[in-house]
Amino acid sequence: MSDTHPSGFPHLDPSGAARMVDVSAKEVTARTAVATGRVLLSPEAVTALREGEVPKGDALAVARIAGIQGAKRTPDLVPLCHPIAVHGVDVALTVVDSGVDIRATVRTADRTGVEMEALTCVMTAALGLIDMVKALDPEAVVTDVRVEEKTGGRTGHWRRSG
Amino acid sequence: MSDTHPSGFPHLDPSGAARMVDVSAKEVTARTAVATGRVLLSPEAVTALREGEVPKGDALAVARIAGIQGAKRTPDLVPLCHPIAVHGVDVALTVVDSGVDIRATVRTADRTGVEMEALTCVMTAALGLIDMVKALDPEAVVTDVRVEEKTGGRTGHWRRSG
Amino acid sequence: MSDTHPSGFPHLDPSGAARMVDVSAKEVTARTAVATGRVLLSPEAVTALREGEVPKGDALAVARIAGIQGAKRTPDLVPLCHPIAVHGVDVALTVVDSGVDIRATVRTADRTGVEMEALTCVMTAALGLIDMVKALDPEAVVTDVRVEEKTGGRTGHWRRSG
Amino acid sequence: MSDTHPSGFPHLDPSGAARMVDVSAKEVTARTAVATGRVLLSPEAVTALREGEVPKGDALAVARIAGIQGAKRTPDLVPLCHPIAVHGVDVALTVVDSGVDIRATVRTADRTGVEMEALTCVMTAALGLIDMVKALDPEAVVTDVRVEEKTGGRTGHWRRSG
Amino acid sequence: MSDTHPSGFPHLDPSGAARMVDVSAKEVTARTAVATGRVLLSPEAVTALREGEVPKGDALAVARIAGIQGAKRTPDLVPLCHPIAVHGVDVALTVVDSGVDIRATVRTADRTGVEMEALTCVMTAALGLIDMVKALDPEAVVTDVRVEEKTGGRTGHWRRSG
Amino acid sequence: MSDTHPSGFPHLDPSGAARMVDVSAKEVTARTAVATGRVLLSPEAVTALREGEVPKGDALAVARIAGIQGAKRTPDLVPLCHPIAVHGVDVALTVVDSGVDIRATVRTADRTGVEMEALTCVMTAALGLIDMVKALDPEAVVTDVRVEEKTGGRTGHWRRSG
């Protein structure tokens, strides 16, 4: 396309100015995106989360709900993101020995993909979780946050290579 | 304290219900927190960002501003976080060979610490950056997001161990 | 459906985890919802509102506008609600001897119903009203907030039984 | 005061125009407010909530978190409310035979009271709960939402009369 | 139409009460709006902005991004505005001798026009710019903010007369 | 100061990167700011607004409330603005022959000034007004938006020169 910046970033116009790319002519199609990430925690925090599961504590619920709400806030957080009709969100949190694995699936029928929504979901779930455990483990680390898979739109099915 | 959950999480009451811990009796003191993280990118995306720097493209500015605004949105994103008067935010983005290093410093004079604000700043800066480069590099990974250092409050100066 | 929680709540997955149910395959149809409620007030506050009507005071306008804006904020307030394109909102406030009756009608052409938007509209109008009168009547009570009627979608026309 | 509307509403100026009353000269003091309310539900929905408690379903957690976040959003929802530093929130949800009782306690050290925050907390918790149960019980009713008690500020301790 | 206020304002019902006009029956069509405005600045501030352009300072980027995000926040800011799917935003800032010219183009495929979004974009870009320069020029003036042109919808192409 | 950009903009660091300047060491003092602006309207729209005043239509109330809420949203809209405790807002709208004059007064006791809040108040009031009249007058123009006066803080009393 002739109206992009030499860098190739679609969010920049030829002069380098930020813009929101026009997607009004794109088709409304069903789209999904899956993103994952991990919060590394101390053994003490992992134990507390596991025990927290038993007496129905809200520890993981807080992180799940933070993730779902974060997905809806994506256009507020990411300056050039289009507001999008988020139509479905699942956040799976799995307590593992080294911490908590997060997997977010976001679905929509709209004009642009939802990978940013899936990433935002993972990151806000991670923030909610860290806020919960920070008194026990101030050294939590968020790692490996990434898009795993996308469907829909012009690109069709995409899966990361490695 | 007798009014906490067996897990030790202060955000849970003895029955396991989520709550916002009362900090109204804590003192207003100057506090800072530093958090860091890294976005791993393809060589192609790194090159584009470096070139983008030259003709004053807004690529990194978008990420910096996303981070600063994200710090202000922390209580909206993290369900049990206290609304806090964010008094200063610096976001340093350094393009390195493997991607972009992010370092956020948040300052306040308030009743509770700003480590969640610093982490949120890093994460939203990372989201803003990934949104910018995603057409060139759909495989970006956010990694090593963590609190490095805190000052102020009852704990005083804290620095992560490793 | 086999993928729901034993409780029957669609917002919970089989393990009990909160989720945003996928509605991307639902049809876009015209939908409406009507909700009502009442704010019980002291005779003194009712008199002040009635007099306030005469010299064009903004007392009821504040409540009406709070209600309309509240309807738009529903997905921010209700964690598992879908963001929805609110296409029309009417809020009728009627000063009666015992207080103020609120009736909200919300319209959309979207994939899911607007009863939560109508309820949120009534509740935020009630909050705006109470905030206005609280210096005169600190004992205001909100009561009988409920959905009266819905049209559109798979269910078609629904009206509450009693 | 000579600069108020004949109605006596402090939020209206003498001409009846809405305003945010100046509180900058008020003292920062510790303040609390307690508000309560009830969501009336069908026996079927009550049973589902009670069962939901056992296998750690997030049903009540969603409502609790909605309430806590709602308290923080009060100045966004109530047009003339001052932005306030919410310093602590507890939301107790008790499943009773006729539905769910909600009791919110909000604490702050700031220049104005938190009764609107406590009421908003109850109402958004109620909205979160209704959204959860609406597929099972579309006839839920929110009732008896009111401030029970306040402490702090010029008024000191206030408790509703009946 | 018989159901409007004598003033002719569609946002008022026959009794004068504010409402959000129902647009659910309007067609989804491609629409654009262009708005412009100018920020008058001191020669000192203009010089600083021009120099700021050279060493890639973020001064104008902040204003551009504020404008794009402002366009997305229109339904939060304008009480009776419909939430709309903003599909594209361009903000051109041109430093001229007397200050900065702002030109915003907003695009959508939705049921109602985007002139309010274009105006909000210009105004928030102006706010972002004034915030940047206010230490150097506390006397900045925003002037001539107006809609220039609209396309789409029932009205078709509209261009202001003078 | 040695740590500022050559342009002299405090919001830029020496490298030109946007930042939120640290105000945590500034004193909490009472501060006010007054901003004004004008919306130029057609005679037809002015007549409708004047008639709207008589039968207590909400036309001007919508603009006033938009302004008050806009003042509270300033840190969301202006990227580098500090979140501030807005303690009082007055918005005076005066219908004149050429349109509507807007005058906003914002008060706080905080660490930084409220001129951006006052400007945002004027601009969002103007947006709310234009949205109200746009069906009658699509050619409305916002003009002469500017800070008139400030008190408090290190600068003390400041009044614009002309």
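Labels for the chains are A, B, C, D, E and F, by order of writing; each one numbers its residues from 1.
Criterion: a contact is a pair of C-beta atoms (placed from the backbone, for glycine too) under 8 Å apart; a residue touches a chain by one contact, two chains touch by 3 or more.
Just so you know, these numbers come straight off a predicted model, no measurement behind them.
Least step count on the touch graph, chain C to chain D: 1. With centres computed as the average of Cα coordinates, no chain lies farther from chain A than F.
When every chain is reduced to the mean of its CA atoms, the largest separation from chain D belongs to E.
Annotation, chain B versus chain E: rotation angle of 180 degrees from the Cα superposition, expressed as a multiple of 5. The distance from the centre of chain E to the centre of chain F, each centre being the mean of the chain's C-alpha atoms, comes to 15 Å. One finds 30 Å separating the Cα centroids of chain C and chain E. Separating the centre of chain A from that of chain D, both taken as means of CA atoms, is a distance of 31 Å. Multi-chain contact residues, meaning those touching two or more other chains, occur in chain A at positions 17-18, 56, 58, 61-62, 64-65, 69, 73, 76, 79-80, 83, 85. All chain pairs that touch, listed by label, are A-B, A-C, A-D, A-E, B-D, B-E, B-F, C-D, C-E, C-F, D-F, E-F. Across the complex, chain A meets chain D through its residues 53, 56, 58, 61-62, 64-65, 69.
Chain E contributes residues 5-12, 15-18, 37, 48-49, 51-52, 55-59, 61-62, 65-66, 69-70, 73, 76-81, 115-116, 119-120, 123-124, 126-128, 130-136, 138-147, 150, 158, 160-162 to its touches with chain F in the complex. Here chain E touches chain C in the complex through residues 13, 17-25, 75-76, 79-80, 82-85, 110-111, going by the rule given at the top. Those residues of chain A that touch chain C in the shared complex are 30, 60-61, 64-65, 68-69, 71-73, 83, 85-93, 107-109.
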